Structures are given as structure tokens and as C-alpha cells.
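Next come the structures, one after another.
First subunit A sits with subunit B, and in the next complex the same chain sits with subunit C.
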Partner chain A sequence: MTSIWKNNRAALIIVALTVVILGGIIQTMEPKVWVSIMLSGATLASLYFLVASGLSLIFGLMDVLNFAHGVLFVLGAYVGLSTFLNPRLLFNTLPIFFVLIASIMMSQHLGRAFWSRITDTRTRRIATVVLLAAAVGLVLLALRGFPMRALNAFNITAVGGLVTTANAQDPLALMLRRLLLLALGGVPLGLLLSPAERPEEVSLRPVWQTALIAGTSALIGILLLVWRDSGEVWMLALSPDVRFILALIMGTVAGALGGVAIETGLIRPFYGNPVTQLVLTLGLSIAGIDLIEAMWGEEANPPMPTPSLFNESCRSDSIIGWFSEHCQSVDVVGRAFPTYRLFIILVGVLVFIGVGLMLRRTRLGMIIRAGVQDSEMVQALGINVRRVFTMVFALGSALAAMGGVIAAPYLGVFPAMGSIFQLQAFIAVVIGGMGSFIGAAVGTVILGMARAFGDHFVAAGIDLPFLDTVIKGSPAIARASTVLIMAIVLLVKPSGIFGKKE
Partner chain B sequence: MTTAPHNILEVRNIQTFIGQFHILDGVSVDVPDGSITVLLGRNGAGKTTTLKSILGLTPPRAGQVVFNGREIQGRPAYRTAAQGIGYVPEHRAIFRDLSVAENLRIAERKPGDLARREEFIFGLFPDLKRLIRLPGGNLSGGQQQMLAVARALVPENELLLIDEPSEGLAPVVIEQMMEAIRRLSAHTTVLLVEQNFIMASRLADRYTIIETGRSIHSGLMADLVHDEATIQRYLGAAA
Partner chain C sequence: MEETLPISAQSAARRWLSAWWPYLLVLAFLVLFPLLAGVTIGDPTVAQEGTGSLGNLMLRAESGAAKFWQGMIIQILIFAIFAMSYDLLLGYSGILSFGHAMFFGTGGYAIAILIGRNFDWPFGLALAAVIVIALVQSLVFGVLSLRVKGVYLAMVTLAFAEMFYILAEAGDFRVYTGADDGLHGFPVPAYLSATDHRTRFYYLTLVFFVAVFLIIKRLVDSPTGKVMVASRENENRATMIGFNTFWYKLTAFVAAGVFAALAGALSALYKVSVTPSMLSLGRTIDALAMTIIGGLGTLVGPVLGATIIQLLGYWLERWFGPSWTLIYGIIFMLIVIFLPYGIVGTLRVRSFRLKEGWKQLQQTLAGK
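Here is the complex of A and B:
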């Protein structure tokens, strides 16, 4: 249809151009070379995509550039790794979050009563400062001397085995006292985060519902703590495959919760004030990594073990063969390619299809697509758009964190692992068009391929038929290539390939 | 009319700020149940802002908005809308990437709303039926305006806020639009903003004139059409 051509002319031209360039490059290579380069590119693209898709949806819907998205990738990797290797760390630290969140949720209900008693702005400002000081003080007091370092040390001891090492954890009574102090510290935090002052805010749910959720949360926290020893033994006795799946789930859920925390705590109070939001997420991108270092240490961890499906030290002849042999690598037109990376590509494709279907086929997806264009109109139809914002933030954060978990066996786990993905995902989103889901996918594929081919030419050089010498690129050029591509695309179409807004 | 009509909506002396700017400085509007009431005034007078303040998109800082006897100012817009107020904004705000069908379905407040109202909506705007699969962005201006009104009719709304439905449309299409609004007003009360005085005077029962953020005049349309002085003074070339 002519309208499709008209609406997406720039997109089609750029995609066609990419295909032609790629085709030209491929012409000069043997199939086994370019196929494996493209698979490497697809692996990178998949990981970029898991970060970029959320970044793009969040920007499209809320006009928020979340610089802290890379932190969620790292958070996912660390939570996943701890679930896999060091559940003791989780059993001792998760209760802290469960209890704190429960306390914050409950005391938010006191917000209206509290703030309505203080009417003049000066007193309010003083109250805010006092509450903040009380919250920070109580939380610091609660966590004083918490044996984080010792808990971390377990990373090293237990690849796949049962650990019943001597206590590197606080006695139960001390931990419960810590939790009590945290619950107290949550009260001023909850008052600070209560929506009493902002009428256009989503109103609170009924008290009994909050009590139910908060009570469950606190109970889970306490039970985790009480059962920490038997829980740890049980988890480490599970097969590595089950633990891998648990790691994937825990990492993803941690990302989703992290996203909800960021949206409700930092972003939501400042809608309509984009500079503040930008500065806050930028700050969090630094402070978040500091927090992760404080919790898990600064040292790089070795790659997380892969599931047994990808573990046998052999090379299968085909994918079919790999299903029964579970080899580390598989033969792709004459070259070995790691099977785990095929899994990474598969996850990226599945997420693309899954989220794509959600956007096309469900009411939530319809609301998101509409909200990307005009969230005020969606609101005017009687839809609580703020709640959709939170859901999309949680979804985008969960995807990034999931990317972190599946990247953990491929890259290793270290505090800076997210920064490159944050940057590349950002460039991919700009290339593809801010707010476009398809654009995020296309942008990440272009970047992944550029990166993989760039790396290849740095290593092997370009042997052009009409030149006698082989041209070799420098690694710097390979890295810069992605920025160059971004510049070219933006010159052709300032809003990005599939972009609608400027 | 012999008995005093009940007002479905009463706007009482609202003050609205956008950022630093004091946009509305005392707007009051009464909208009797079942009527078509029109807001008149020059460009930039504050008509659109009045509609947005009613809905809560730009919440008034002072004054009351009373809908069906209940004060609703200060509530989030989505809740006010869900009470039964439909909004047809200036420039239509059709979702360009959603199909016509999706543009209608997104307005459902409970499952089945669209199915219940389909016949009525396509009776008013038969064109929409054959466009149902097209993206909203591919529609012409007139078709988009019809879709915007249709979208507001999907749930059972008691009040429609319609902002300049004739803007930028060809005369034939304006006639169609007027006819549609006349027919839908048999079911729903309408608060209309309309610069086209001919259209406004033929549709509306009552009017309120807004001038630089204040409501300065209101009454029966039947009286205004004879009041050349008022028309000249406040509406100028628009009439």
C-alpha cells in the first residue's frame, strides 16, 4: 500500500541500505566466517535489545531517559549469581528489603493524617528534613556491622556443592533486632513517600489490602531468615539447571522490583519536571553501582556456570545433535560456535516476540501504544495512566535485569558490566527511534552486527579486491563505528529510523 | 421550560494556573441536564483550559466543579472521566498508530461497551464502519473528528466536552458534524466550544462568553442571536 511506503520511507531506505552494505561485505568472505561473525553480532544484539527495549518503551511512554537502566542489568547479574552460588547472601539480605518495603507501604497510609496536621510550608520543610534524617539514621543504625564481606566470601567456596561452613552470618536474634530497627526506619520513609500532598497521584489502595500485602512481605522476610540454614542447604542441593532457572527468575524479579522502586521513589514525584528526573536517574546510575559494590564487593566474579544443557566439553555436528549431546559448542558451517550464545540469541528473539505480541494483542499493549503518542488523552478516557507507567517501568527493568542474568555466564559478573550495554542500548534506541519497539530491535541488530564485523576487521583486516594491501582498523575505530552509524542515521532521519517524535 | 432545570455540571468561579501563568481568573458555567451549552470567546480566551479544568487535566487551584451534585475538583482526571464525562479535545488527539477499531476499543470502561453502542455510533458516522481497520493517522481531518466524537460515545457518558469540532473542516463535513451532535445530544448533555458562531447558534440552547480568563456573560442562545451589541463587543469578527 502506498501509505505504508510513505510513512516509513526513511526506515525502508535505511534497512535496504544496511542489507546492501552487509551483502557487499559478505561477498568477500567465506560463509563459515561471516555466519559466525553474524551469530556473534546477534548475541550482542540480543543483550543490547534486552536493555534497549525497556529504555525505549519507558522513554516513549513517560518521556523519561532512564540512565539507571544499566544498573538494573548489573543488579540482575548479581542477584542471579548469588542465587546460583551463594544463596546464603540472599537469605540474609532479602529479609532486609521485604521488611523495609512492608513498613514503608504501611506508613504511607499515615501520610494524609500526618501532613494534613502540618499546614504551613516552613514547618513542612523542617518536617521533611527531620524525617529524612530519622530514616537515614535508623537504617544506618540497623545495618551497622552487618557482615556483608563475610557473606560475600561464600562466592568462592561453593561451585555446585553443599556448603555447611561455619557461621559467616549474624546470629538470628541480632538479625531480628536489625529488622525491627529497619521497620522503624521505614516509617519516616513511608511518610516522605506518601501521596498525601499530590492529589493527581494514584490514590492508595484500601488499608486492609495494603496490610495484607505488607504483612505477607514482612512474613516472607522473617521466614527466609528463620529458615535460612535449611533453605541454603536445600537450594544448593538442587541441580545446577534448576538453580539456573531460579537465578533467572530471582534476577528478573529483582529488576522488576528495582524498577518499581525507582519509578515510585524518584521518577513519579517529578513528572513534568524532566530535568530533575534526568539528574536523578543520572545520579542513580552512579550511586546504584556504588550500592552494588557495597553489597557484593568490587572484584570481578568469574562467569556464572552455564546449565548442563550447554556444558559437555564436546562439539556437536548440528543443533539436532546438540539436543542429545549437550555440547558446549556446535558446528555452524564448519566453525565451532558456543551453544550458550545461541541460547542468548533465542532469549532475545523470544522476548521480542512476547513483548511484541503483548503490545499488539492485549489491552495493556494498546494502552501503551496509545500512551506513547498522547498519555494525557489516555488519561482523559478514564484510564489510570500512572499505573501503566509503573507497570512499563517494571517490565522494562525486568527485561534489563534478565539480560544481566543471561549475560552472567558469557561475560562474568563485575560492577562495570552494565555501562557498555547502557551506552550501546541508548545508541540503538536513538538509531531505531525513541519510543518505537520495532526500532529498538532494528537498532540493536544494526549495532550488534556493526560491532561484530568491526571487531573482525580489526583482527583480520579488510582485503578489498582492488587494493594490494590489507587495510587494518584500530579497535578504537571499531568502537567508534556505532557512534558513526548513529550520526549517519540521524542526518538522514533526525527522529531515528522508526521514530515519530522529535 | 417551565420548571428550573437541574444542572448536571456547575463550574463555580474556578482559578487555574498553568505553571506561573494565571490562565483562568473566575470562570463559572452552568450546564443544564440535557442541554447543549456553548462556550464562546476569542482566541486565547481560556475556553480549552476551562474544559481541561473540569476534567482535571489542568486542575483548578480554587473554585468548585460540581458534577451530578458532587464536587470533583482536585481528583485525578482519569477518575473524573470514569464518572461519565467524555472528552473530544481540540485537534482531535486520535491515536495515529492505533486502528480505528482500537481507537474505539481503548475507550471501553467495561468489556462490551463498544458492542452495546456500535449501532448508535455507526448510525451517526456510517463512514467509520468501512475505515475500521485503517490506522487513525491515515484518516482525513473530517474522519478523524468523527472518530474523536465516536470515541467519546463508546462508554455511557452523561456529559460530553467537545472542543471546536468544526475546526479546519470543509462546509459539507461541518454540516454532517452538526447533525451528528444534534442527534447525540438527545442522549447526552453537551458542553461545546465553538468559534463558528453560525454553528454555535444553531446547535446550542445556552451560552457562556469567556473573555481573558473570566466568564462575563451567559444566557439563552435564543436571546443572544438578537443581541448584536454583545456579539460585536465580545465575539467581534467571529460572528
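Here is the complex of A and C:
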């Protein structure tokens, strides 16, 4: 008993203090007020958690502070929105990725033969530059004049309805020509991605397996393109619930792929050089947001429609009633609360339990926990830590992107949403302790509650007994207050509530 | 027994010259620039009767493209001061701060508010107040954030800077800060107006730049600076030798904060406007990019980086329109990947190798 107290003294003190402060605040309010405030706080906390948990895991395992995490959040939101409202965009862009991935996979097999022929360092360097130029040139040539803007113009006009204009998309023959060029461009990319050092030691799948996977991928891509018109009609006729689930899947997968791309392209070559990694992700966060703005436009989109499960304009008396009525709000202790926000809370809790169980109960989770402690030792025990790094990066990115999709109906979709959530996630992770999964959860809950109560008090005003007037402020003060909490935690325990001592 | 040679005054001067001639050359160029620009790209039609040839030259320097390029160099020098102060943190002391913009922005806001209609302080007093404010601010936040290290410190400083950004944008202090519009057209003393007396402002900025450069150079060459570098390289070892590295890092933090505030104040005076974006992460990223592109841990690096980024930004915006930041981000990442020590750092490594190779060649030729 004493050891628990000793080990987690600061954590217990802070949690107890939070409970006392919350209790004190709640004392002065009616139940219906504080319950709805706490639910709003939980909604925010859930979204913060989806971003912060990935950040914390990535930092804990590989000491990388990913400044591009907010970009992945925005990417998820935009991909989700496009899937929900504008499937035409998907049918035109997905084949590009399928074909590119198939080509890269196949050329990995060429990589071994290619790099083992070139032994001279100087020639290797020249070959790298030539390959890079060829890959960039071919991909740019393939995508020249791709009508991205026109394809996106339907986002707002096509709410729920069918897209009628056919001119926006390229004709089929042109698209196939683009795909052919992309397949060619994937070859130098694949050669670049296969390791140049000691190529004979790289273990690859048998050629027929790769060919099968790559062939299926390319086939799916081409079929999507061929059936794009009927597919679009079919998708828009689906119920909004199904489309929402599709959006969730697409957004999450896009985030995971983005994470893999960032890890392999920008992070992996620079392990052991954290400042370079950090500056690179920072550069990516500038370029990434600009890229998203170039593709989807700079203006804010209206919130994505909520799925029909949460969209009937009525008010259920209880959660039980909502199961049959699908109302958009539900009665919580005498006040209406949107059911979609309850769904956000549910997703956050489910992710917390799911990832927590994964970390506690599975072999991968064991490796991750061991890697957080000492990744060199794990490597020495014969486990391919680099592959685990990639998987954790993909997982963290996927969680952030999922957060983006879920936040889309609640907050709307705009390019700046990522940096806001990223900053709050940073603060939450610092409060909770970097690398600690539980810490990320506790930190986000504290932040969410602070924001919700702060917003409430700023709107209602604080009536201090020794002052005549009620102090009122703008929401900005509530936003700044989270930094104050972080400063206090840092003064008490610099490594965060659940952080280890250095 | 070694013989001590008397160093004559002449050879001392020669040694001083041989160490400083590149700096002097650049300084000479910067001092002569308004005149050169006035002769070459100034507007010749502004010449007036009876002002003499030198007066006419000054008039030409205040016109057309000459005026514009002086403005460009003023901005480069301001950002060079800012980037040098950042390099004192990251390059010399190894402190990765993401909140450096809070000093830049606070310096700008402080001078704008103090000489503005709310306080209406005399200019000199306001400038002194800016330095005092920056001292106090950097002391408080230095003590707070230097409790943690590495990436933690990056995030903590980022959050502090964000707090200042939010407060500057908040509607509660609109009377003082102008909320999200910022402050524009505050009464800068007429003798310092950058629109009427561009050349005068140019020389003012140049004086500040040279002073800051010399102070930082003196600081990093002093024993204090050596301890800063030692704590960057291996903090445990520096502590073990007996240095309290906290105080040295705090010194660097405070000095960097004051110089950044000075740069912010100059920027505010030049543009006669301050906006919340001066406090945003974007400004810190600018300083970081300039330092890293130029070369960490060198003083010439940030100056070179500031020049490159200002000119690059100007040309990219002209060529690519609003989407130039995308290309800027990509160029930034490519430079980080391919020139990991920055331009000056890479050049130094190269020349070092060249010298070694030259020595080897001589030895081989001598038959050793």
C-alpha cells in the first residue's frame, strides 16, 4: 500500500485535487447544468484523446514528436467528408493509389538485383538521385492536369443528392494513360524504397505472392475506374449510416497510409537525430496543410451531415428510447444533449479500451511496451523493432484520422482544425506524461473538463463574493486556461502526471 | 625554451584584418547600399535644383526600386536579428524552443501599445520599457520551461507562446491590443518613419543589427558561451565538472528573449502595424528555418538563412502566387534532408576536408 502511494504520489495528489475542485464547482450548480457541461467536456476529451494517444505512443516508442499529426487529423476529416458527400472523387483518385502501390510492391523484387549490382558508393548516390528525379518526373507527368478542383467542386452542392455533371472527370482513356504512367513511376519509387545496404539479406515474400497481391490491387483500381459512374449512383443511394461507416473506414485507412508514408520517407532515415525528424515533420505540417488546401480548397466546409441514426428531429426521453427513435438529441437530467456527441464519447471510450487491451494482452502490445522501456534491448532480443515502429506510427496516424472523421459532423471541416487539436493534444500529453497511454487519457479528460467548465464560466461569468460585478470573459480566456493547467503540473511534476523520472 | 616574439602593432592589426575582412566587406556593402542603389536603380526624375549632388543622391535613394530594396534589406536585417537570437538558443545552448515568437510579438506589441494613444510614452522610454518587459518575460518563462528538457521544452514553450497568441487575439483586451485586427498606424516618431525617411530607418536597423551581432559574438566566444556549448554537447558532463548549467541556459534564454523583442519592436516600427500573427508558431518556424538552413551553431548561418528565406519568399510569391508556401515547405524539407548542417555548416565541413586533403597531397609529394 505504501509503495503505491510512494510511486504515484504526484499522480494521486493531482487526481484528488481535480476531484475536489470539480466537486466544489459542482456543489454550486444544478445537476442538469453540470451533467451537460461534463458531457460536453467528455466529447472534447474523446476527440483530444484520439489525437493525443497516437502522439504519446509514437513519442514513447521512437522518441519522435510528430508535428504532422494535426495534418493527419485534417486529412481524415477531408477524406471522410469526400467519401460521404462526393464519392466521384474517390472513384477517380483511389485507382491512382492502388496502381501506385501495386507497382511499388512489384519493383521491390527488382530492388535486390538492382542494388546488389551497384556496389560503388558514388554510383549509388548518383543512382539514387536519378531514380528520385525519374519517379518525381513520371508521377508529375501522370498527374498533370488532373481535375482535382473540378472533382471537389461538388462537395457543397451535392449534399445528399446525386451528382449530375459528367464533365468534371477525365475520360476513361486518359485516366488509363495516367495509370500506365503511374505504374512506370512506381518502379523507381520501389527501387528507392528497397534498402541499398546489403540487399541480399532482405527477406521478401515469394514472387508469386507479391504478384497476386499487387495484381489484385491493380485490378481493383482499374475496376473502380471502369465502374465509376454506376458505382457513384450506387454509393449515393446507400443509407447515410452505411456511408458514414464507409467514410470512417476510408478516413482511417488514409490516415494509416499517410502515417506509413511519413515514417518510411521522412522519419526512418533519421533515427538517432531527433531534431532533424522534428524539423522534417514541421516542414511537412506546413506543406501538408497547403497540399490539402490546394486539393480541397481553403474555405471552411459546413459540418458533414450526421448519419441518420442521430438525425431525426425529435428528443428522446432516454437512451433506451433513442434506440427505436434515432432522435438527434436525448434528455439528460432534464436538458437536451445531442446524441451524436454521446456517440463521440462512446468511440473515445471504445478506442481507449481497445488499444489498452491491445497493449496489455497481445504480443504486439507487449513488444510496444517493452520498446517504450528500451527499444535497443528489444532489437537485441531478435525482434524487428523497425517494423513495429512503422506499425505504431500507422496506428497512431489512423487514430488521429479517425478522430478527424468523427469530428467532421460536430465541428465542420476546415484546414486549420488540425493545428488546434494538435496543440491541445500536445498539452494533454505533457500533462499526462509522454509515452504513457493512461497519462494521455487522464490528460485529455482534464483538458476537456477544463475547457467545458471554462467555457461555461466565461459565458455565465464568475460571481466572486468579494467583488460587486460578475467577471465575464471571452472564450479565448478559456482556451488559454489549459496552458495554465500545464504550467501548474510542470511546476509540481516536470515529467507529467504518469511520466517516469528521467 | 620558446622565444616570445614581440607582437608589433602592425601585425596585430593585420591579424585582426585577416580574421575580420569578410565581415568588414559585408558591412561596407551594407553601409554603401543606399547610395549604390540610389545611383543604379533610384528614380532620376526626383532630383531637385539647389540641393547639391549629395542631396540629390539621397533623394534618389528614397525613391522607386532603391527604396523598395532598402525595405527588403531592412526586413532581412530584422529577421537576421531574430534568427541570431534563436541560434543562441538552439545552435549554441541546445535549447529547442517553439515559443520564440512570443518575445518577437511581445516586443512589437509593447512598443506599439506604449507609444500608442493609451499610454503615449516618449519613444526612448518606450524602447527601454520593451527591453525591461522582455527581460522579465524571458526570466519568468525561462525559469518555468527550463525545468524540463528536450522535446518537453519544445512543447511547453509552444504552449506558452500559444497562450500569448490567444490573449492577443482575445476580444477582452481590444482597447489595448486591437484583438484579431492588431494595431495599425500608431504614432511612430516622424523622424523614424520608414515611409518618409527610409534611408534613416535603414541605418538605424543596420546599427542595431551590428550591435546585436557583436554582442552575441562576444557572448558565445566568452567563457559563458563555452559553457553553453558544453551543456549542449553533454549536459551531464558539464554538470559534473561543476557548472550549474541551468544558469547558463537561463542566460542564453534571457539574452535571446531580449534580442528577439528588439527585432519585434523594429519590425513593428518599420511596418507601423502589429498583428497576432507576430506571436504565432509561424514566426518561430521562420526563425527555426532560417537558423537550420543557414547552419546551426554559427552566427553567419542565421544571417544567410534570413537573406535566403526573405528573398525566396519574395520570388516564390511572385512566381507561384498564394500557393507559394507549399513549395517553400518542400524546399525547406529538401534542404534539411540534403544539407543536414545547413549551408555554412556544410561549407565548413567541406573546407575542412579540403584542407586535410591538401595537407595529405603535400605530404605525398614530399615523399613522406
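Just so we're on the same page, the second predicted complex is superposed on the first by the 455 of 502 C-alpha atoms of A that agree within 3 Å, B and C clash if a C-alpha of one lies under 4 Å from a C-alpha of the other, contacts with A are read in each partner's own complex, and residues count from 1 in each chain.
Rule of thumb we're sticking to: contacts are C-beta pairs under 8 Å (C-beta built on N, C-alpha and C of every residue); 3 or more make two chains touch, one makes a residue touch a chain.
Since this is a predicted model, take the numbers as computed values, not measurements.
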{"item": "First, second, both or neither for A:Thr123, with subunit B first and subunit C second", "value": "neither"}
{"item": "First (subunit B), second (subunit C), both or neither touched by A:Gln373", "value": "first"}
{"item": "First (subunit B), second (subunit C), both or neither touched by A:Asn384", "value": "first"}
{"item": "Touched partner set for A:Ser230, first subunit B, second subunit C, both or neither", "value": "neither"}
{"item": "Touched partner set for A:Phe59, first subunit B, second subunit C, both or neither", "value": "second"}
{"item": "Partner touching more residues of subunit A, whether subunit B or subunit C", "value": "C"}
{"item": "A:Thr362 touches, of subunit B and subunit C: first, second, both or neither?", "value": "neither"}
{"item": "Touched partner set for A:Ala294, first subunit B, second subunit C, both or neither", "value": "second"}
{"item": "Where subunit A meets both subunit C and subunit B, residue numbers", "value": "none"}
{"item": "Footprint of subunit B on subunit A - complex, ascending", "value": "3, 7, 199-203, 363, 366-367, 369-370, 372-374, 376-386, 500"}
{"item": "Subunit A contact footprint on subunit C (complex, rising order)", "value": "96, 144-145, 147-152, 154-156, 158-160, 162-163, 166-167, 169-172, 281, 285, 288-289, 292, 323, 325-326, 328-330, 332-333, 336-337, 340"}
{"item": "Residues of subunit B defined as touching subunit A within the complex", "value": "55-57, 59, 74-79, 81-82, 87, 89, 93, 95-98, 102, 105-107, 109, 137-138, 151, 155"}
{"item": "Footprint of subunit C on subunit A - complex, ascending", "value": "59, 63, 65, 266, 269, 273-276, 278-280, 282-284, 286-288, 290-291, 293-294, 419, 423, 426-427, 429-430, 434, 473-474, 476-477, 479-480, 482-484, 486-487, 490-491, 494-495, 502"}
